[in-house]
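Dumping the structure here so I can ask a few things about it.
Note that the chains are named A, B, C and D in the order they appear, and that numbering of residues resets to 1 at the start of each chain.
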C-alpha cells in the first residue's frame, strides 16, 4: 500500500518529540536511591609496572565508600575482557590475545588505563579518594611508533614482537604473476590516521544490585546490550546471564565506540554487587579521549598493477594495523575480515593479495569506528586508482569505468572472499558527475587560479560489506558469536502494534523506520506502532547495532515476524468468515476473501485473537504475537560514488571543501530523510578524517590531542552543505531489498577529499589529516 | 572542582580586601578560562572573588580619539560596538557565541593567554590599562607567557584604546580550539603604523620590523622580505614556529590589503 | 621536548661549580621552589609550586645529580609528581668551560623533558613555552646571582 | 550558600556548595536533565541555556554567578504539543539523530536567530561554531535554523 507513512516515505521521526523538548532519557539522566559515584584512577604512564598501590589514605578520605584495585576484582573471580573474534595467522596459528584485566593488576600499558576504582558518596569524594591513592609505578619505555613496534620493547610477556597476528588473504602467487606482466605499477605508502570517535554523549553506567532477587541491573551506553550481558556473564563472571539485565536507554551516538565491553561498566556493575549500593559512573570527556576505543591507525604499502590500456591486473597490500595495548572486543576483525575482503572495491581486479600484521602498542585499544576496516580499504583502493590514473595520464573516472564490475557480472565473486549480489557502479558515477558539473570543472579551476587559489577534484567509488553478517560465514572465520537479529511483533488487543527489536538505536531512527515497515506491511496507522529496543529484559538475545545492519538484518527479522502475523491472521479471518485460509488475502490492512466482498479489518482479527469468543482454539493458539530470527544469507553491498571539490589557499594551506557530492546505492529505502541524514553524518566524519581529526601520541605515549582544545572535531563552519542522491539496485537476498546506509558516508568520502587535495596541489600524496601546515609544507614541496 | 569560598564583592576595595585576606585567592571575571581550569582540578584557590557585582566596570564610551572599555565589558558588547570597527571585529571572533556572552576584556588581558585575541589590540592600538592602583601603558602590559605587569591582587578597571584612522584584524584560528594560532592587528594612527601580534610568541608583541617596512610603504608587498624571527615562537600540534612566522607575514599582508 | 642554550657567567669555574651543587642556590633559581632538601649524596627533594596562567599546582620533585665530573659537567635529573595534574620528568645536561682566561665561565645546557597525565592531555599547546620559560628563568637567575654577588 | 534562580519562569532558592556549576543545579537539583554535559573543557555546547536572555554554556557558569538571574532551558521553550518554531524546524528538517547535542544546539540557534537578521547559510554555520554535533554533519541543522528564522520572523517566539 502506498501509505503516507509507509516504506519509502520521508516520515518525521517519532523519537524527536522527546529529544527536542529535553525529555530524552540518557544514562546520566538516570539515578537510583542511595546512589554512589565511581571514579577511576588512571595511569599517567604509557607503560609501567605497578609496584604497589597504597589505598589506605584513599579509603580514609571523607565520603569514600570503597576502594578497589585490580587485585580485588581478580580475587573475586572477575575475568579478563575478551576479544570476540579469533583471527589466525598465515601459519595457521591463533592470534595471541594478551590478558586484559578490566582494572590493571600488575602493569599499565596505556595512558588512561584504570588501575583502581574509588566509590564515593559524591563524585567529589570519589575524586578526592582517587587523588589520595599512593601508587608506586616503575616506568618502562613505551612502544608508540607503529611502523617499528615489532622491533622494540615487548609489551606483553606472552606476545613476542608485539604481534597479535600476521594474516593474509588472496592468492599470492597469482598476484605476483600479475605484477610480472604489468605495464605499469602504481606504488604508495599510506598512513591511515588514528581517530577518536567522540560520540557527544560520553559513556556512562549505572549499576544496581537487588539483594532480594540476587540480580544485577546495568544501565549503560551500549550499542548492543545483549552482547554486553553475554560477555559480562559468560566471560567476565559478573553474574549469571539470567541474573543480569542490561538496559541501554537513549544513547547519544556511538559510531562503533559503544559496541565494546569496557572496563568501566564491568567494574561498576561488579562494585554495585560488592557495595550493595547503586554505583554510577559517567565519563568526563577527558576520560573518553583516553579510554574509548580509538579507530583506524594503519601503516600500509600498496601496489596496483595495470595493463597498458589501464586494465587492473593485480593488487598487493601490506598493512600494519595498530591494536593499541589490548585487544578490544572486535579489534582483531577490523583490519582483516572487514578490510582485506574489501580490496576488490568496485573493480574486476583478478588477483589480490593482502597481508596484515597487527601489533600492540602502548596506546588506547583500537577497534571498530564508523565503517571499521572498510574506510581504510576504500582509502587504499581509491587513492591507488586515482594515482594510477594520474600516472598513466588517463581521466580518473575513465580508468574506473574501464575496470568496473558490470551489472551483468552479478553475482560477482571477488578474489578476496566476497560475493557481491548486485550493483550498478556506473549509474552512481554518472549521476555524481552530473551533480558536480564535472564538465565545467576546468573553468572553475581557472577561476580559482586567477584568484590565487588552487582547485582540485577527487573521486572515490567505494563498496562496503554491510548487514553483518551471515553467522555461519562469520563463525567459520573466527567470530565468537552468531550475528542474526530478532524481531518480535506484538499485536495489541485493539490492533495497535508493539515491536521489540534486538537492534538498538542511538540516533539511527529505529523507532520511526521500523514503525514504517509495520505500517506498510500491516496497514496499521504509523501512530499506533511503538518500537521498543535496548533492553535484555524485553527482547530475546540479539546482536545490536553496528556495521549498518539494523535495517538489513533487524528490519528483515521484523518483516519475517510480520509475515507470521499475517499468516496467522489469515487463518483467524478464514475461520471467522467461514472461508478457506488459502482464499484469504491480506491487503491494505484488511483480510479479504478472494472473489467475495467479505472482509475483516486487521483490528477485528486482532480482537478476535485475544477475545476468543468464536475462535478455533483447537487449531490456533489465542493471541497475535510473533517472533522471528533472521540470519542473513550474505552481506549486503552498498556502493556509490563520492566526488569532492576543494579550493586550497596556498599561502596559508587552508583547504575549503567547496562541493561534495555523494551518490549512493543503498538498495531500497525505507525513509529517505533518515538515509540522507545518515549520509551527511558519515560524510562529516570522513571529511573530518581527511582534513581535521588526528589522535596524536607523543613518543612517550602521552595523548596530546586529548581534548577539544586539540582534537579537531568538524564544526558547522568546517563543512559545506552536501549534495546527496541515490541510485537503486535492490539487495537480492533480504525481504526488504535494503543494503544499509549508516557507514557509507565515512567509508567513501575520505579518499575523495585527499584525491581532491592532491589534485589541487599537483602532488602524489599528502599526509592525513591535511591540516593547513601540512598543506602549506606540501605546497612548498617539502 | 575542589572546594572554595565564593564571594561577590560590591566594590573594588572590597574585592582587593578579600584577595588580601585569602590564602590563595583568584579573581573571576567571565570565568571562561578559570572555570574550566577549576573543573579540571588544575587549580585550587581558597577563594574565588567574582568581580561581576562591582558597579561601573562595564560599558564603552568614546572620549575624543580614545575608546574607553570597562574591564567587565563582555566580548559580545564590544563586538556590537561601532567606535573601532577592527576592535569590534576582533571581539566578534573570540571563541564562540557563548564565550563572547560571558568573557570579558579585563579577564582576557589579565590572563595573558598567548593565543588570546585582545592582546593584539592592546599592543596595536596604543592602549592604556587602568587598574585599581595605576595606569599601565599597553606596550608594557604583557610581560610573558600568562604574565602581565599586574601586581598580586591588582584589578584591571578599564582599557583605553586609541581610535585609529584605520585598522584591521586578521586571525588564523586554531582549528580545534578557535584560539588564535596567530592574530595580527594592523592599525594606522596619524603617521604611525602599529602591528600587534598575538598567538605567535609567549605573549602579544609589536612586530617592529613589519611596522618599519609599512611606515615606509603601506602596501601589502612592503612586508615581503621582512625577516620574522621565530626563535621564540610557540609550537604545538597545529603549527610549528616556522609556520607561525609565515602566518604573521601573510596575515599582516592581508590586513594591509584590507586597509588600502 | 628539547632545549639548549648557554650563558656566560662572570665568575671563575670553581665558584660556578660550587653553586651548581648548592641546594640553596638551586632552590633560589628554580621558579616556585619552596624547599630543596638534600636526602643523600647528590640527591634532593624539592617542593615546587608551579603556576602557568590559571593553572597552579604543587609538585613534589625528586632531584638527583648523575654523571658528575667535578668542575666540568653533570646531568641533573628531575622527577616530579603533581597529583591530579600529572607528572614531569626532565634531565638537564650542564657543562662548564673556562672563558676569558679563566675569569669567566661558559655554562652550556641541554634539556630534555617529558610530561604526562592531564597536563600533557589538555595543555600540550603550552608545554613547550612553559618549559622554555622555566628554563630561561632558572639560568637567568643563576647567572644574575653571580652578577650581583 | 543560597542562590535564587528563576528557571523557566519559576523562582527557586537553593542551598548549594560554593563550587557548584549552573548545569549541576539544573540537572541535579531541579531535575532538568534536558541540558546535557558532553565535555569538560567548555567546548561542545551540549549544556547551552539562556542566562538573562543570552546563550551560555551552563557548565562554565558558577551557580553564584547566576544568582538572581533568569535561566531558560530546553524544557522551558516548548512542549511536544506546543513546540517552539526552532524545535519544530529541527523535527521537520531531521536536524537531529541521537538527540544528545540537540538541546544545546536549539538553545544556541534560538539566541543566534533572535540576535541577528537575515542570516544566510554561512552566518548560521559560523554562529553555531560553539556547538558540536557528531551525527548530522550539520547539514540539516543549518537548514532547520534557516527555516526557523523564517517562522520566528513571522511571529513565532
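One rule holds in what follows: a contact is a pair of C-beta atoms (placed from the backbone, for glycine too) under 8 Å apart; a residue touches a chain by one contact, two chains touch by 3 or more.
None of these values were measured; they are calculated from a predicted model.
Engineer: What are the two chains with the top count of C-beta contact pairs?
Structural biologist: Greatest number of C-beta pairs in contact occurs for A-D.
Engineer: Report the inter-centroid distance (CA atoms only) between chain A and chain D in whole Å.
Structural biologist: Taking the mean C-alpha position of each chain, the two centres sit 29 Å apart.
Engineer: Roughly how far is chain A from chain B, going centre to centre by Cα mean, in whole Å?
Structural biologist: That pair's centroid distance is 44 Å.
Engineer: Any idea how many Å lie between the Cα centroids of chain A and chain C?
Structural biologist: 49
Engineer: Tell me, which residues of chain B touch at least two other chains?
Structural biologist: 1, 3, 40-41, 174, 177, 236-238
Engineer: By residue number and range, which residues of chain C touch two or more other chains?
Structural biologist: Only 84, 118, 122, 124-125 qualify.
Engineer: What residues in chain D touch two or more of the other chains?
Structural biologist: Touching at least two other chains: 40-41, 43, 129, 131.
Engineer: What chain-chain pairs meet the touch criterion?
Structural biologist: So the chains that touch one another pair up as A-B, A-C, A-D, B-C, B-D.
Engineer: Which of the residues in chain D come into contact with chain B in the complex?
Structural biologist: Chain D reaches chain B through residues 1, 17-19, 21, 40-43, 45, 48, 51, 54-57, 59-62, 64-65, 67, 108, 111-112, 127, 129-131.
Engineer: Touching chain D in the complex: which residues of chain B?
Structural biologist: 1-6, 8, 28, 31-32, 35-36, 38-40, 48, 50, 52, 76, 95-99, 101-102, 177-178
Engineer: Inside the complex, what are the residues of chain C that reach chain B?
Structural biologist: 52-57, 84-85, 118-119, 122, 124-126, 128-130, 132-133
Engineer: Given the complex with chain B, which residues does chain A contribute to the contact?
Structural biologist: Against chain B, the touching part of chain A is residues 124, 127, 131, 286, 651-652, 692, 694, 696, 704-705, 708-713, 718, 771-773, 776-777.
Engineer: Applying the document's contact rule, which stretches of chain B touch chain C when the two form their complex?
Structural biologist: Spelled out, the residues of chain B in touch with chain C are 24, 26, 33-34, 37, 40-45, 111-115, 144-146, 174, 177, 202, 232, 234-238.
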